[in-house]
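One structure, pasted below without further comment.
Chains: A, B, C and D, in written order; residue numbering restarts at 1 for each.
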């Protein structure tokens, strides 16, 4: 059994790690830390885990964490930066679900997160934990920077088009909508039921922290593109990203817009071929519209591709569960890869429907 | 008191007409028809109207409807076409909330609605009931074709930009999301609570009936544009329109994307100026994000404009209540104009929040 | 026009007062106070009021409030106690929506609210603002203690049975469920969308602050009962009250259980007769089940009565909007009575459906 | 691997069986039948099962079903009656999730379900599938009548009190509320999102089909009671049962009321002792209030017991997932018992939260 530690398990991504790992056939959580809930049984905070997880929150302690094979960080940004080095030194693998190591350019990170980066020297060894892009690098990584929830959906949706080099990368649009668990489990008026339910809105239309992370990923894809536009000197992707808040608990839906530079491309075939062997990406039949509840609680990302009126505009519809494929499930997928397990170990259960 | 008749008041737009007209200071509903519910008190179908509306559903009858000053059609498409002529002949004004007279090009209508048009000879006299565009024509019209719910939000959002001629009309995107009342009050598995709630999806990504209506309106605006692109020979708007289904009862949110051809435009000032005198369009301060619950049950359309990173892309956020400004409220606004009443008579109540 | 002031208008009951008074034909809000939001336009907090209410939050000031005819308190308990005396002195009527003056027995109040009462000398002059019970006293009152949301529904549901003296008052049960706006507009984890939505629970099963208020009211009814049990020496009502939290924004549903001591009573006729002249109580036909959305945003309380299998158990189903008939609407109803207006002035609009 | 067949898998209980069996370590679904969807891949109806279940709906066929070890019926009432005999004859175990064999008294069944019973001769061998009551009988049964969703929650909540004989069985109240999936996956206006969401109501207050099933179970418990009231000649339970419709997808909450005849009973200890060894009943600490989301998608039933003010009234709060412990999960629990597997095989995953 792989021994797992979780730092900062009081939020929704921490709870999702616990839910999934509780029935993982080859991993066991042995340490859960929380500064605020020290000494409290996990099941007191999450009654859904009564009788399933018997652990008690402890203060973060490197010696204790060093007994683990893998340590997850489910903390706000800034926390992992201050602890990861000492854990890596002890030979423990780290999977960080926060934003701390996702962006390679330190000034960019510092500008969006409004603080100095606490461990810039670790950034070069951090592997971006999107298996569909980086499976081999993940397998041998010591430090995984797990992608954000929006970035996972947007990158998986654009990936086949970017790699094929068949779209105009100077004008990409990602219209995304997320369930409210993406805002975390902090008391705030804006996330109250009476404010969120039976309503809908955009937010951060002028700029969101996930934008630079997505752009970095798309630029990487553009650089390695194999199609007609590949190898071009100009790879600066221009993306307009507008997130919205859905009155649902879990789920992200991204509606992506791009203009084909090569009208002869069979986009349906392109997507099906690209993801044929991916265990967690499901390309729907032509004409489909994925619904977020089809991935509720599952690690699957479902995608459909449309060309309205057969024109140059391609519309990609992507759904994922923001807490699973968009966070904790993806982290476990990375753990499975690192530890040489079947990639869907502990991640095989279908979505909860209805 | 203006005497009002409603044909086909068993659906949500009919119920919304009744809700609003129940407290309209200068109008009174005297006839309500329904083939399926004939003889049934309205309040039996809608307990919310008990003690407020005492009418009984009757079979549609031209003599009875001829006693009205104004008759609303809240029927599925195809019904108004067969009855409007006989009502107009009796000197009664008709406000049609259905799609029957919205599209001027008959073959286009017939293609999208899959049936022959029943009264093409009436189309030329039908006035498109968007007061912000057509107030004067509405005032003297006998037949109003009330805009669809999506088209109202999309056209009001693009209008200032189109009139200013400052955007590239060959690549417009409307990413819209509607509450489930837009699907009507028919039994269907797809609209069940267990299928819709806690979920989100796009639909009709390859083409929706509201697309030709929106494009017709945008083309009209392009033709009359005053800016640099105005008067251009090529006014064929190219719009990608993707509707989505929200797990809310009422409300439409449209996120519109266009590329500025003139970067010097102050889009905030442009919108504020255009709508300064409009009683039902509220341009929010720069940096705002309108929420659908701010217009729940109200006839107001709220709009915010963004230019992410100050670039060429302009993002317009529009909210309305699909049953009010998107249907019945707009119909009553037209009635007020036709009858020379204050335009917000019966429409002054603020949104229900929360 | 009646000049109205509102103390503490930043919560949901304050917002509901503003919504209703905005279109009240004979009242106008001239002062709105808030310590936390001083200087901020009301419409900045509630975008739904943009263009409708132009006031700015001010610090509570007796001289300013003295210019009003009526002042509402929409404050947490404890606040009205400290300010009411100085306002009453200036000849202004006070309608308190908080719990400060609802309970006549000071030690009981102090025990449930955990603090010393700040103005016990005012309690005797406070009139409990349930018009269906106290219409005449309200008309001449200077200080109204508006009933709580649960107490309104429970008392209106038991009232005809209590007055008829036909039930066993030693074993009453009120199983109530409230929408989440009842918890107020404070940031708390328990009221987050992700915690409340798609879920349901009881709370305070061992005792809730509204219990003593309800019991006081039921005891009063028992004392004045006209039926067989009336005038009995023993009037100590025994009520089990269990509140529940509904994943809806507005609405209370109370399911009441009592045992008939007189099986010959026609409970349907009893309820219809008792409420025949009440403008805001609607007794549904036999066999009905009221739904909370039939009173959403309306001041109406809808009631149905059942005797399962025609036995001794009587089940009363009561719905109201907790913010309207359960708080602000009822307060305005009291204001109308005090000011000699039509009782439904400003309260005539039907519920918002769907 | 146990070979499983499912008759009538197009509804929500069928989908729930598929969800749970998809990851059951020792069972495999080999036949799924549906008259209406014959020839259609299961994953076309339920996209959440794409890549997980490859079966195609077939017409019900006894020879094919005879290849199974266990056949589940997830059909409307009346269907199992017509097919079970021929399947049992082939030596296959049958677990019926419908109401066909739950009620032992044939006239009672026929009265509530409005049709003649199709296989009364099988009723004596049907074992009521509530493991907490009937574990041994289930182990050797050929035909299991799985309890209804409401009856499971009400019976588990009253069971310890009934067995202890410490309550007045002549006046029991069950105030229950169910998520909308309990109404099935049929198109109906009453189950539309726009009718159900943001609302709440009671239904069938004068009598519901689950009442006789619950009363039968409670009477059995009374007959076998061990406490002071045990063995009494009068065991006719009198239960008032009022179901309500919750705007949630899954979950039942029952609030039960009874009067203690023995005030010395420690109800908390009583419940803890009764359920100490039950794998799927979790008695919460004193003072708790279970929330339905703590069992969403899980087979656990959570219970809390209260005595308001320490009086004679006992209030029991019970939550379960109506599709899991209230239907398909309980059916699988029975299958595990019948087949000698660990009782929680395939049922160990925690609830989905949030």
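Here is the rule we go by: a contact is a pair of C-beta atoms (placed from the backbone, for glycine too) under 8 Å apart; a residue touches a chain by one contact, two chains touch by 3 or more.
All values reported here derive from a predicted model rather than from experimental measurement.
When the contact pairs of C-D are set against those of A-B, B-C or A-D, over half line up by residue number only for A-B. Looking at A-B and A-C, the interface holding more C-beta pairs in contact is that of A-B. The distance from the centre of subunit B to the centre of subunit C, with each centre set as the mean of the Cα atoms, comes to 37 Å. Once the centre of each chain is set as its mean CA position, subunit A and subunit C turn out to be 47 Å apart. Centre to centre, using the average C-alpha position, subunit A and subunit B are separated by 39 Å.
Each of residues 12, 181, 194-195, 197-198, 247-250, 290-291, 293, 296, 354 in subunit A touches at least two other chains. The touching residues of subunit D, when paired with subunit A in their complex, are 12, 15, 18-19, 22-23, 46-53, 181, 197-198, 249-250, 282, 284, 290-291, 293-298, 300, 302, 348-354.
Residues 12, 179-181, 185-189, 191-198, 247-249 of subunit C touch subunit A in their complex.
Interface residues of subunit D facing subunit C in the complex, by the touch rule stated above, are 171, 173, 175, 177, 194-195, 197-203, 205-207, 238, 240-242, 244, 246-251, 253, 255, 257, 259, 287, 289-293, 296, 304, 306-309, 311, 313, 315, 317, 319, 354.
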